[in-house]
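Shared chain: subunit A. Partners: subunit B in the first complex, subunit C in the second.
Now for the complex of A and B:
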């Protein structure tokens, strides 16, 4: 039986000479550009991952609809910038006015994402919480909400991505190890890291942040100590939304034609994986996980020769890390972590 | 509390702004000499007219044809769905052929019926079964896509209903032993070598990088193209459908200093890929097959699309003045990709009806033995149903529009 089945299997692949080969010279040659590109995309993952992590920390809920919170931010960027006259060509504007325009887009994106997150919490999760629904119901609701938003966008905007929006012409600004660093990469990485540091400070220092940590640690006791749990939950969702809105601006900056009804789906899964890799519920973990996931995927595909390996490598590493450290690299608890 | 949050957001936003100001003020080279991209853009002028065969068969015929009033031809393919535009281009072409035929032949009024598959292999069997059961339908133009053609070929075969596809290019379709399947254009086994010849010949590329996606179409065409490229091929990469970030692939291309990139796949990935390549300072040419030849490519790649060339086994019908004006008058739109192929395929069937082949088996025999010029090219099929001398055309992007630049690969 088994030999028969084996003969039925198709030959390994059309060109099976390239099954698994390690291309080390290529990795050496492309190491630095892979690093910078990996960090750029990794910071976008990290910003989105924070949304998963914060909500998980507070509610123990994997908010699968967070990818749609993100994509609504992308639409916010798209509509704002198209309204302001941006199009497929890089605009012929002064630096100052580009900044003003982009800041406006950022504000709209943040509002769109935060509003989506807010409505999601109020319409989908709060009613369930009131009725003490089991955790599985929350998860199914999250998946349902994700599809509902995706296909509502599909019905309104159709299957094709929105036309490309070029914000500015990306230029190399300096050279490191023979590789150019582009202004776009710098803006994304530095701005994302700053936003994450601010978030981390906010959660560890501010009163609201203390409330968030208290609810994450022990919701009942936190309530007894005078923390308004409902208010903390909604704040957490909104913070996640704000970060997703910022991620949306950077994402459209990097991928001008990425605004599509299901455009957040894969990115959402990657960001969720990043959160788990770093330790879900852990703010610093999200940053670390995001950057690592971006880097590992890039190194992996160059080492193994083609882009179809990106996700294989990233997720194999994720599984290996979880085998050794089931709680993720930095551990899981938002409440206990010093963050 | 809330105020503080607002403040932090604003602070982050402001930092972003300042950073950008700082960066953008830096004088930077437009593109660097050391980072890839060799040749300057090749300038091949756009084609303004194409030669049409002098004795091309036209749907009007001699005006003396007679046939039963129930005689019907059908279009089966996408009328709705994500790829509806291609189907609309085709059946508008067919409609034009039938109108011209019926206007000239008062005693032979051929009916035209349309069946919608949405271009989806899973939905195509229903409409095809329905059409094959209608005895009055003696010939079909369709189905446009390879997947749905593969799924329904057997149904046509069982009912002995002749059908000419105006757009499906997967080479293996003619390996199924079907006797009722005819392909009205070149397949990807023709397009690949033609594309390779075009890239290394007319475009003068010395270092070609080939990137393919994970679809049947992309893999098959990638194979035939890379075989044709030979020593000019300096590297390959494979990407996935739905991929949006191509930075690692681009880094390899820039390090290899490629002067041409061939993308074997569809515009959904090809467009962001080209855009990201150009954003990283790539100055060479970008070539894609018919899967990229769509206005969506230009919309999604933006300015970057100016470096793009396309290959397509389709003929630019808009350059045949008589066809263009008649099509425009009927449909209030320019002929699109595969409009002329639909028109020509319908003409082959109409000529058969006019010659007295007015049932399924006679019309099938007629198409098998057909050996005449159509408006777009010569139609003569081999015993598998492939055209004997198909043409592949080159196209380029000029001022944000896709324009033909002539036959390639000869």
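Now for the complex of A and C:
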């Protein structure tokens, strides 16, 4: 048993007295590449975090099955790519056909995730609301729904990850601070930011958005204003699904080998942590939390010299932030009624 | 014309019966007050009329139409608007956004501007504080906002649930004065109050509610003069 245990620890060289070492020169050297990659992952976290935060806003529920809404999007991407005949190595395609393929995969992923979110709310949560179930029951149902979807996928696709399908070979396009920025990073960050801005505008400006905010702050009063609460709730789930579907495409672009029945779990937890870090229920908080979590994880990984540390560092920072600011960095401003 | 009619309405919370076979009407143009102590069923009655609670028996009709099964958010469009107990201000929305929420169910966007003018004329304070967040306002200001917001749906029937609750005396007088003004402008008002003195003085007709049942009814003046009510609700006798 002892050798097994030891291998779990990060490889410490013989002259190291402690088993944690801080590799500051390496962080300095790789700072910008860690930053760009951290922002790329961070924008994926942020898109998924929005789904947690929006549903928490209107239902006061941590929708643990949101990670499965995300993974269904990943399967949407995977099946689209295998249908289009992609393999492990990237084919030589023109920019135009790459864009067409990406958009096709995006549409399928969004449909898959949004449909999953829709069915989840209709089949799992709505019946509970009709019976006035206590909040704990919603939470347990969320966990149950998460496992149900995971093991349904397991039953159909088996335990192994799907083969990695590569859409295109990521190429460096320009150099900033002596570090290359890759086209893939740029596509992901720009597309994610556009989606986040649209979501933020939609929530703050549109009629449905006002309804979502009203239900989040005071569901009964919202109803008295003529807001159809049920319609707002299902819309919120679908918006969360759309964003998770987009995140799924970006995630599969970044990690083609991650499509697996339980592949949404870790990412889901991180996105949830991002939502809490920024202030759950707060749309801008989800964006900030996602980006921060992406950056912190990447810096920590380089500083500590092992990719196993990414999640540890991210969660240690989360705990520290919450100790000082239990409401998250931006607080729950979209938030609950104080009454 | 009878605007609102409750016929043998019963409401239960689980096995506990909060309202027992209650019947009353509100005629067009009236101010009707429901007074009663804590737990008498006043707020339950209001929530049943606005549709947040479903009665376990009886019929509610509005303008001659049975609305017992109608969803709450549709009732607003039909012309029933409520300033809820505790005011229900959206804390993270500005005064203007809160007022705008009152128009959520409206199809005619054209009249909204006029109604906003009207609310600002009734409550100049709201115009001054348009950009302030609802959660940061004083209790009296929030109550003005709740009433103003309820008016933004241009209701036929305005339900006011304890508008004087937690307010300083000068605010209470002001709020009741404005309630009368809203009524003379043509909106029917159903008012629920613990502050019986003002509520009875302002009402055309009134009912006394005790543990889910109406025990007294009459014009506001009659009930104000009734010795039993004086003793129980007016703090004199």
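Note that the second predicted complex is superposed on the first by the 315 of 339 C-alpha atoms of A that agree within 3 Å, B and C clash if a C-alpha of one lies under 4 Å from a C-alpha of the other, contacts with A are read in each partner's own complex, and residues count from 1 in each chain.
Definition applied: a contact is a pair of C-beta atoms (placed from the backbone, for glycine too) under 8 Å apart; a residue touches a chain by one contact, two chains touch by 3 or more.
All values derive from a computational prediction rather than experimental measurement.
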item	value
Contacts of A:213 with subunit B and subunit C, given as first, second, both or neither	second
Dominant toucher of subunit A (residue count), subunit B or subunit C	B
Which of subunit B and subunit C A:228 touches, first, second, both or neither	second
Touching partner for A:156 - first (subunit B), second (subunit C), both, neither	neither
Touched partner set for A:324, first subunit B, second subunit C, both or neither	neither
Which superposed partner A:164 touches (first subunit B, second subunit C, both, neither)	first
First, second, both or neither for A:136, with subunit B first and subunit C second	neither
Overlap of subunit C and subunit B interfaces on subunit A (superposed complexes)	207
List of subunit B residues in touch with subunit A within their complex	1, 4-5, 8-9, 11-13, 15-17, 19-21, 23-26, 28-30, 32, 35, 82, 214, 219, 223, 236-240, 242-249, 251-252, 254-255, 268, 271-272, 275-276, 279-281, 296, 298-303
Contact footprint of subunit B on subunit A as seen in their complex	14, 26, 29-30, 33-34, 37-38, 40-41, 87-90, 95-96, 98-99, 102-103, 106-107, 110, 159-161, 163-166, 168-173, 180, 182-184, 186-187, 190-191, 194-195, 198-199, 201-202, 206-208, 239, 242, 246, 254-258, 263, 266, 298, 301-302, 305-308, 310-311
For the subunit C and subunit A complex, residues of the former touching the latter	50-52, 71-74, 76-77, 81-82, 84, 86-93, 97, 100-102, 104-106, 135, 149, 153
Interface residues, subunit A side, partner subunit C - complex	207, 210-211, 213-214, 217-218, 220-229, 333-335, 337-339
